[in-house]
Structure formats: structure tokens, C-alpha cells
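Just so it is clear, A, B, C and D label the chains in written order, and each chain counts residues from 1 on its own.
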Amino acid sequence: MAVKEDKVFEIPDFKPFSGEILSAPKGIRRKMIPRYEELARRIRKALLIAIQGAGSGHPGGSLSSADILTVLFFYEMKINPANACSPDRDYFILSKGHTCPLLYSVHAAAGYFPPGDLLTLRKFGSLLQGHPDWKKLECCEISCGSLGQGLSIANGIAMAMKMDEKPNRVYCLMGDGELQEGQVWEAVMTSAHYKLDNVCAIVDYNNLQIDGFVEDVMGIAPLDDKFRAFSWNVIKVNGHDIEALMDAFESARSFRGKPTVLICSTVKGKGVSFMENKADWHGKAPDAEQLALALRELDAQ
Amino acid sequence: MENKMKATREGYAEALLILGEENPDIVVLDADLSKSTLTNRFAEKFPGRFFDMGIAEQDMMGTAAGLAKAGKIPFVTTYGVFVSGRAWDQIRTTVCYGCFNVKIGGAHGGISVGPDGATHQSLEEIALMRVLPNMNVIVPCDAIETRKATLAAVEIQGPVYIRFGREKTPVITDEDTPYEFGKALTFRDGSDITVIACGYEVGEALAAAEELEKENGLSVRVINLHTIKPIDEEAIVKAAKETGAIVTAEEHQAAGGMGSAIAEVVVRNCPVPMRLVGIEDRFGESGQPEELLEEFGLTSRFIKKAVLETFERKKQPAANRAV
Amino acid sequence: MENKMKATREGYAEALLILGEENPDIVVLDADLSKSTLTNRFAEKFPGRFFDMGIAEQDMMGTAAGLAKAGKIPFVTTYGVFVSGRAWDQIRTTVCYGCFNVKIGGAHGGISVGPDGATHQSLEEIALMRVLPNMNVIVPCDAIETRKATLAAVEIQGPVYIRFGREKTPVITDEDTPYEFGKALTFRDGSDITVIACGYEVGEALAAAEELEKENGLSVRVINLHTIKPIDEEAIVKAAKETGAIVTAEEHQAAGGMGSAIAEVVVRNCPVPMRLVGIEDRFGESGQPEELLEEFGLTSRFIKKAVLETFERKKQPAANRAV
Amino acid sequence: MAVKEDKVFEIPDFKPFSGEILSAPKGIRRKMIPRYEELARRIRKALLIAIQGAGSGHPGGSLSSADILTVLFFYEMKINPANACSPDRDYFILSKGHTCPLLYSVHAAAGYFPPGDLLTLRKFGSLLQGHPDWKKLECCEISCGSLGQGLSIANGIAMAMKMDEKPNRVYCLMGDGELQEGQVWEAVMTSAHYKLDNVCAIVDYNNLQIDGFVEDVMGIAPLDDKFRAFSWNVIKVNGHDIEALMDAFESARSFRGKPTVLICSTVKGKGVSFMENKADWHGKAPDAEQLALALRELDAQ
């Protein structure tokens, strides 16, 4: 079945799921796992549609983090989509900026901006830049795209919260390849040194970077030992298991005296069989036909 | 020839293959971008002489210096914004101060990188690199010249920065076009005004010059300043003296880059009216390369406008010279 | 006043204490050099608002951005060469592109750092910082002006780079000298030629001007260009128009720095003969500050020489203007 | 007893000890521990004299590494003082460049240049720059002074040796404060990833940096766990025990498949009571009186 290259795909309707979840008290959300799964599926569809529309972008690492961010934004974090900069919000710092199609889709799903805007991704004049520009789109919190810088920023925010005795938490998502950047380890030292237990780092451990498998390009294993040797609280979790992620985030939240890292085992390209575990799908847009196939696959799950 | 399009990164990759064949001391390093910088071609052909350093530009630069220390000729390659900016202190202290024989390939230079947006559009490397003692800086105008420049870089003892781009751009030289490191090339003679350009802007400058001749009867000299450091003072001073006005064009911040280097030469030797076509102190944005070149004022029509204005100033000495 | 000597870093440290008192949002970060940058004084007074980040300039810069994101006003301080060069990509992408309210204190600027030698002598920061969109760059001329400039930096929303030095240098302004961010100060009027200087070189320029008046009967204007970005185009163009020749002086590479920024303004508006006094594309060396200022051509006698030569060129229009 | 400020102190005579050691076969050297101790003492004296003469410089971290470098240059490494660039030499990369007074003194002791040159330290026109400039003084191998860069360079040399199947080893000395630099951890990853067992890193673990105790400024403990988590072979050793250092270097040399780090416990300012464990003596020259006192103390040991 051939798909016309200029076909415009429609961003899925998030409301039935995101609305229901966001209006539920936290205690109840635990029982809504299937809705989270459906929401994550729609977020995956949205980001793929956005990337196809843009003709470029990064599907692999967006798909691998999709469940994590769904849980983070719709279960764990204190957010206020009507007022992105609300002073009592928790902060989310995307350090692996290339996976902003995911972040944008999550934002759209939560109601920060109209989901239709996702179709402007990477286009001239769009608020949805190829890598986030928070001066254009405030809910992104920071501008990023140069890897390895997010955790330092997260630490700075967390230090300010401690100074002001505010309870806001700070989350930071990094890639496994990204951990090769020395600045990350400087920041890892800082979080531990200043006992920033309001910091929760999340590693999308999908085993792939651009040039291939992380262990082939520049090995980072054993990652849990590394974080432990840097005096962090370490939680290993399946990054595609909604309930396990909920548990992990709760556990991180209640841990005192040390920052926590969630090392999330994930599959790069998760949800789209032909993208899964393929370095080639790190930074390539699907064409219309591939997208149609991907959407069908996602629907069938 | 007119219509042939080829990315300058292709020229870099081709040169690496030639060099790899010729010289067993050539090694190539990349920071997880070998598919974009096209160093993967070298890696396939010479796996024992290619090192992927992961996403660690600082370490990559230092490692290259070590390889050079031990007699190798490393080509360190990644996106220009990261290789020049993330590893600047390493380039300064280890590579330039130590004067090691490290060749730096800065890929994806300029705004034409397109949809990736500001963070990936390298608009400051010329400024960052030319200020460093011992550094040489080359910005070739097309794929063929990039190949020649990369080959020539090996003849220079010491650090060299070569900037090239991602997008297919017009091939405006051919195999016979002379290339000499440090020597500007006059691509078009003219007597009314000179446009000095580098990289992609050389083609835009030529297009502008042609139209200016046809439409305005202006005789416009066009110089391809592929080597920005050491700068060809002679060609610049000659142009200033003979044509009395200069417009520069580069895919870079107007401040601090090639135009700025030319302005330094001009005021020291032969002050004439100038305009610097470049990016006006802004970060880039996402968009198609053509859209961006237009938005950021880098297409030939902006060069034309600058030429006409500057030519006007040349004719009105009172307004633009000392009282 | 003449003979009072005080290091500009003292002015920075004083300002931090005043700001700390006035504004609870002021925080200070240092990278294991607080005794040299004198941020240790702030640390003693406001321990809860001082963060030693260890020897990790990149992380320090990102942390500062995070603090700014959360409403604090961080002053990130360490040696200029490390703060500008080791953390350049962080300054670019996180601080400047994100336009965070981060103030950067670059200590130990210039060759006058002395015996530590090349690696510690920051000679490129002006070039590195002025090429960045959203960045503001200040190079005050003495301790009092450094205090004022540091206080003023807080009034500016967004990133500011303030350069100051290690050694005691003459205090040439007083409490009443006006300081306005972005506005050049004419310290001495003159009609034959203008010397535009920043930092330590302002004092050398004044000395040169006095001697030139006495010995050569020249009327030399001296401008203190404390703010290099945004640059005071008006004052520069006025000087070019009224005096017809400009010499610049800075404790920085002659290429790419303040002189280069002035040359850009001059050629675009009013081309006149110029000479750029600065370091001629060399790395520094160990030595006493005075020895180095002499060796690297930065004392008043070099400014004098440049003024005389440039004034000669001004008088010979044929040789230094268009044919 | 007042000492005149302009008194010129004399660089000790190294020859009787360095000459004897260097002409002995490696097997015999083991039995020459007292001579090593005396040589190290003279090196300490020399570097203090040089720093006092310069009026500035870094005694603390020079004294703490003095025994390590004495063993390295006079026992462990293949060196050729008559031809500093001899192709079969082992490489020494000083990463903590500020402690070059020690390196220069070791070089002088080994005969790379006349010991009298030490009196030109940090002076205008001297080959002995405040931080090493190898273009002026080839035996320094590299120019340095910006912390955190040495191990990357060492790795590059080691990779070249592997490519060329050459047995030369590469040693790199770093400070404990220096380990806060992210580039160090990038390099630590690289050495392990490329299995550079010809690299031997040495950490001068003297617990102090400029602003105070390392654990107060930005903690790096537990350091052995960190290196192990980065897949290094770790040896902990007393950095002032000549024999233990000999053992450690030998053990490192015979270890295959991984780079080795010697974590050397040391005392900053070692050998001069009033400098020991004092952050203030990191980067301050003694005056003539203090120097005289220091030399007397060293002589009495």
C-alpha cells in the first residue's frame, strides 16, 4: 500500500487520556496504567508524525524515552500546563536536546500548547526549533542541543531551591552516549558534593549512539558502579515499564541526602519494529510510507 | 560546471582517503559524528587508523595532540561548533601553544546547516580560531577546493583548522584552479569595488558581481579568501588601493570573522569604505538552508545591496572619510 | 590620585560585597581560585551564597545558568583564560543562547599576569566573548571603574563578561568619574588623532598622549572604551571624523579584540588610518609584568610610536587611502 | 638567625647520587633506596631554591610528588638525558603543570640541562617557564598548565605506540584536585576503552587544592572505586615510600589489558614541616629565611 509523500498525518487526540490522568489525584493514577500506556503510544505517534513532517529529526532516542517522560510529566512531576513558569512547578531539564520531538509531544499532550503546532517542527519561524529554544517556547525551561550540559543546569536550579528552602524537584534526562562528555561527570560530582537530593537524573540507557553501540564507540559500563562511586543513589529500572517507573520515581523522591539516578534500560526506537535497536534511526526522518507503517504498528500494540 | 552541486564535506572525505593511501601516519578521530562528517569512509578503508572518541571533544583534541607528539598526523573531526568551542582551551594550550601537528576539521559550518537550528550552526569558529597564535585557518569555497586545502594542510607543520559545510553547494572551481595555501585567488577582476568572500559566499559573491555588471555597469573584483590565517595582506591592500572599496561576505558572525580580519588589514594599510556581510550578532534558527541564507542576509542580493551602498560611499569622500 | 595603585580585582571584590549586602539573590561561584580572584571575601561574608565548584569550569558555568534560571544572579569567577575558553560552549549554548542572567568575572586578564606564563595569561577573551550574541563585554580601566562596572552589570538583564587583572595598576578615575555602561568616556580631548584604549592600556594611552603633546605638539584625544560590547559607535565615528586617525591599545591579541571591533566600526562608517596596539599573534611568557608589557609592545612608548606613524599616514592621503 | 633576602642559594650537587643510580643496572637499583632518598631530598632542596629565587611558584604539590618522580625518572622509566627525544624513551606527561619546579629539578638532576639553570625559573627569557613550554625545553614533552589535559595527551601517545607496536610506556601525573576536571574522566574512559595498558596514570593524592581540602571543595572520594568503575587497574601506594613505589610501578608495567592508576597517598608540602598539609603553601614562594629553615629541615632528615 503506497502512501502519498505529501499526505499530512494528523496528530492524535491526547485529551481523553491526558485530561483524565491530569485531573485524577496522584493516588488514583497508579491504577490507570493502561491509560498511561495509551497516552505514551499517542505521544510516540505524535512525535513520529512531527518528524516526518519536518523531514528530519531524531526518532530513535525520542521513542526510547517516551515512557519515561510520560510517567514523569503525567505522574511524577508537579506541572502547570496553563502556567509553564508557575513557581511551584518541578523542573524538567532535557539534556539530550536532540530528542525534543518527544518533549514537544509531551508538552502538547499536557496542554502547554496546541498539539497542531507539532506539525511546524523544525520549520522556519516555528516555536519548535530543531533543538529547544526556551526563549521561543518557555515550557522547555532551557535551550539545549550541545550534549552534556543539562545536569549542571539542573544542579544550579536545585541549589537555588535548597537556598530558598523550596520543595521543587529537578529532573534531568540524559543519553547513554551523552555520558561520555566530561562535563556530565563534573556535574555528577557536584550533585553529590552538595547533597542535592532534589535532583533526579535519568539515563536513557538504550545502548546506542550515532556511530553504533555505546560499548563499541566508547564504553560506559558498568554504569551503576560509576554512579555509586560518585556517591549517588542508584535505581535501575525498565524504562518501558510504566509501573516500575512510577515506583522508581517515588523511591527517588523519598531518598534523602544524595541525588538519585534512574538508570533506565530502554530500546532505541521502541515501538517501531524497524527502528528498534538500529543506530541508523538515531537521526533520520521516516518517509510517509514508513510513517504509515510505524503508526499501524503502534496502533496494533 | 555551473550546475554541479557537491557538499564541501565530500571534498574533505575524499582528501582523507587520498592522504590515508599516501601516508601511513595519517590518522582520523571523530566524536560520534563520523556519518555526518563522512570520516566513516576513512574508517572503513583504514580501520586501524580511525579512532572514534565518543562524545568527548576535549579528550579527542588532547588525544590528537598526543598522537601528533608521537609522529602521527591526526585529523580531528566533528561539527565546527563543538570542535572549536567545546575544545577551545585544549586547542589553545595543548595544540597551539605546544604547536602540535594537529589538523582540525570543522564540519557543518555556517547557517546552512538548516533545520537542526542554532545550537548546531557554527557561526563563530573563524573568530575563535584566528585569534590563536600558531593556528592556520582555511575556509574553502567548494568541494574541490576543500579537497585541495585538506591535502595542503598536511604540508603545513602545525595546527590547521579547515571549515566545511553540510549542504550541497555549487562547485565553482575545477581541477585546474590553482590552490596555494595563504594566497588569495582573484576569481573575477574589477576596478570599481572588491568583494572578498570565503566558503559558500564566494559563489554568492560571483553571482552578485555578474548582476552588478549587467544591471549597474559596475566592475566588481571578486576574491576568494580561502585562507583566513595567515591572511593575504598583499591581495587585500592591492584591492583596497586599486578599487577603493571593499565588501566582505562570509557565513559567520559579521563581528570577529573574516571581514573583521580584513578590516584590520585595511585600516592599517589603506583605509577604504567597507561593508561586512555576515550574520548580525544573532543566533541561528531552524529552517531550510535557502530560507536561512535569505533570512540572515547572506544571499547575493544582500551582497549586491552592500556593494551599491559601499560604492556610493566611495564616491562621497566627505561623508565617509575624515572631516 | 596619580600614584595610587590598586588591582582591578579589588574593585570586583568590593562590588561583590556591596551587591551581596544589597541583594539576597546575588550568588558567587568560583573554580578553586577564590584566593586569587578575591571572591573569598564574599565567601567569608556570605558563606551560604558562595559555591566553590572545584576545578570544573564547564560545570560551574552550567550551574550558574541553573541558578539564574531559578532567579538568582550568579557571578561566575575564575581566571579569564579558563572561564572564557574552557567553558566557551557552555557560555554559548546555555548562557548566551538561553540568555540567562549570568555575570562572568574573568580574572587575571592580560600579559601582566607575569611569571605564571603563557598558559595563564588571558589574551583572547575579548575576541571569544564579543562574537557571542547576547553577550556584553566590559573591560574597566582601574579598580574604581571595575567596582562601578560590576555594580552596573547587575542592572543589565542577561550575560555580562567583566575582565579584570591581577597586578596593582594606577587608579586613574575617581568616585566622581561618570560610568555608564555602553558609553565610552573621553578622558582627554584632542583634535589630531585619537587613542582608544581599554583596561590597563588607558593609563598608558594617557601617558603617551601627554608626552606627545609636550614633545610633538600633538593634540591627542584619549577614549576609555570600557564597554566593548555593545560598542559605542557614536564615540568612535565622532573620533574618526573629528581627528581623522585612530590608534587602539589593549592588553589582548591585536587580532579579534577591541581594536578589531573598532576597525569594523571605522571601515563601515568613516575609514581613517588606524594602528592596533596589542599582542602580535604570540603566546605570552614568564617575566615581571613590566618586562612583559615592554617585550610585548604595550607600554606608552609603543602607543606613542603608533600615534606618530598613524598621524603621518593621516597627512599623506595618497599612500593610505584609495588610489 | 636572619637570612639576607638577596642571598643566592646554591643548587645541590645531584651527580654523586643521580650518576650512580643511572649507571647502575635496574636490578641493582632496588638496593639503593637510601641513595634515592638522598636524591629526592636534593631535588626537594633544588626546587625550593628555584621557587625562592623566582619569588613565585608552587612548592606544595612539587614537594608531594618529589618521591614519585624520583622513582619514576631514576628507577622506572627508560630515559635518555643526552637525547631527550630518543625514540625508545618512555614518556612522562606532567598534567599538573604548576608543579614544574619539581619536573625541572628532576630533569636537572638527571642531566637534561645544567642544574644552574634552575635559578632562572620564571624569569624573563628563561627556558624554565612558570608552566612548561616544551618548545623552549624539549624534555618537558608537552606544554601545560591548564589542568585536566595531560591524560588525553598520554593516551594519544600510547595509542601511537600500540599502532607502531612499540614498547614505550607513557606516564602521566595528575593532582587530586585536578581530577575534578571532566576531561580527565573522558580520558579515563578512553584509556580503558582502548585498553591502553601502556598508560600509567599517577594521582598525587595530597588531599589539598588551592581553596582547601579536596573533600571540602569538591569531593572526589572514593577514588579507587571510581577508577575501578571506569575499568582501570588500581594500585594504592604510599607516595613517599621509595620501595613501595618501585613495586607499584613494576606491578603496573606487567599488568596487561587495562591501564593502571597509582593512587599515591602523599603529604602536600612533604619534607618541610611548616609547609606540610597547608593549602597556603600551594602557590607561594618562601622568602630567604623560610627557605633557609626548610633546607635545614631537609638536611636533618
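Throughout what follows, a contact is a pair of C-beta atoms (placed from the backbone, for glycine too) under 8 Å apart; a residue touches a chain by one contact, two chains touch by 3 or more.
Owing to the predicted nature of the structure, the values given are computational and were not obtained by experimental measurement.
Common neighbours of chain A and chain D, listed by label, are B, C. The chain with its Cα centre farthest from the Cα centre of chain D is A. Computed from the mean C-alpha positions, the centre of chain B lies at a distance of 29 Å from the centre of chain C. Centroids built from CA atoms put chain D at 42 Å from chain B. Look at where the CA atoms of chain C average out and do the same for chain D: the two points lie 37 Å apart.
Annotation for chain B: residues 53-54, 56, 58-59, 81-82, 86, 89, 92-93, 97, 118-119 touch two or more other chains.
Chain A has residues 133, 143-146, 180-183, 186, 189-190, 193, 218 in contact with two or more other chains. Chain-to-chain contact here is organised exhaustively, every possible pair of chains being in touch. Against chain A, in their complex, chain B makes its touches with residues 30, 32-36, 40, 52-56, 58-59, 81-82, 86, 114-120, 285-288, 291-292, 295. Within the complex formed with chain A, the chain D residues making contact are 180-186, 189-190, 192-193, 218-220, 222, 225-226, 228-231. Chain A contributes residues 54-57, 97, 122-126, 129-131, 133, 143-148, 177-178, 180-182, 209-211, 214, 217-218 to its touches with chain B in the complex. Residues 91, 93, 133-135, 141-146, 149-161, 163-164, 182-183, 186-187, 189-190, 193-194 of chain D are the ones that touch chain B when the two sit in their complex. Against chain D, the residues of chain B that register as touching in their complex are 27, 48-49, 51, 53-54, 56, 58-72, 74, 89-90, 92-94, 97-99.
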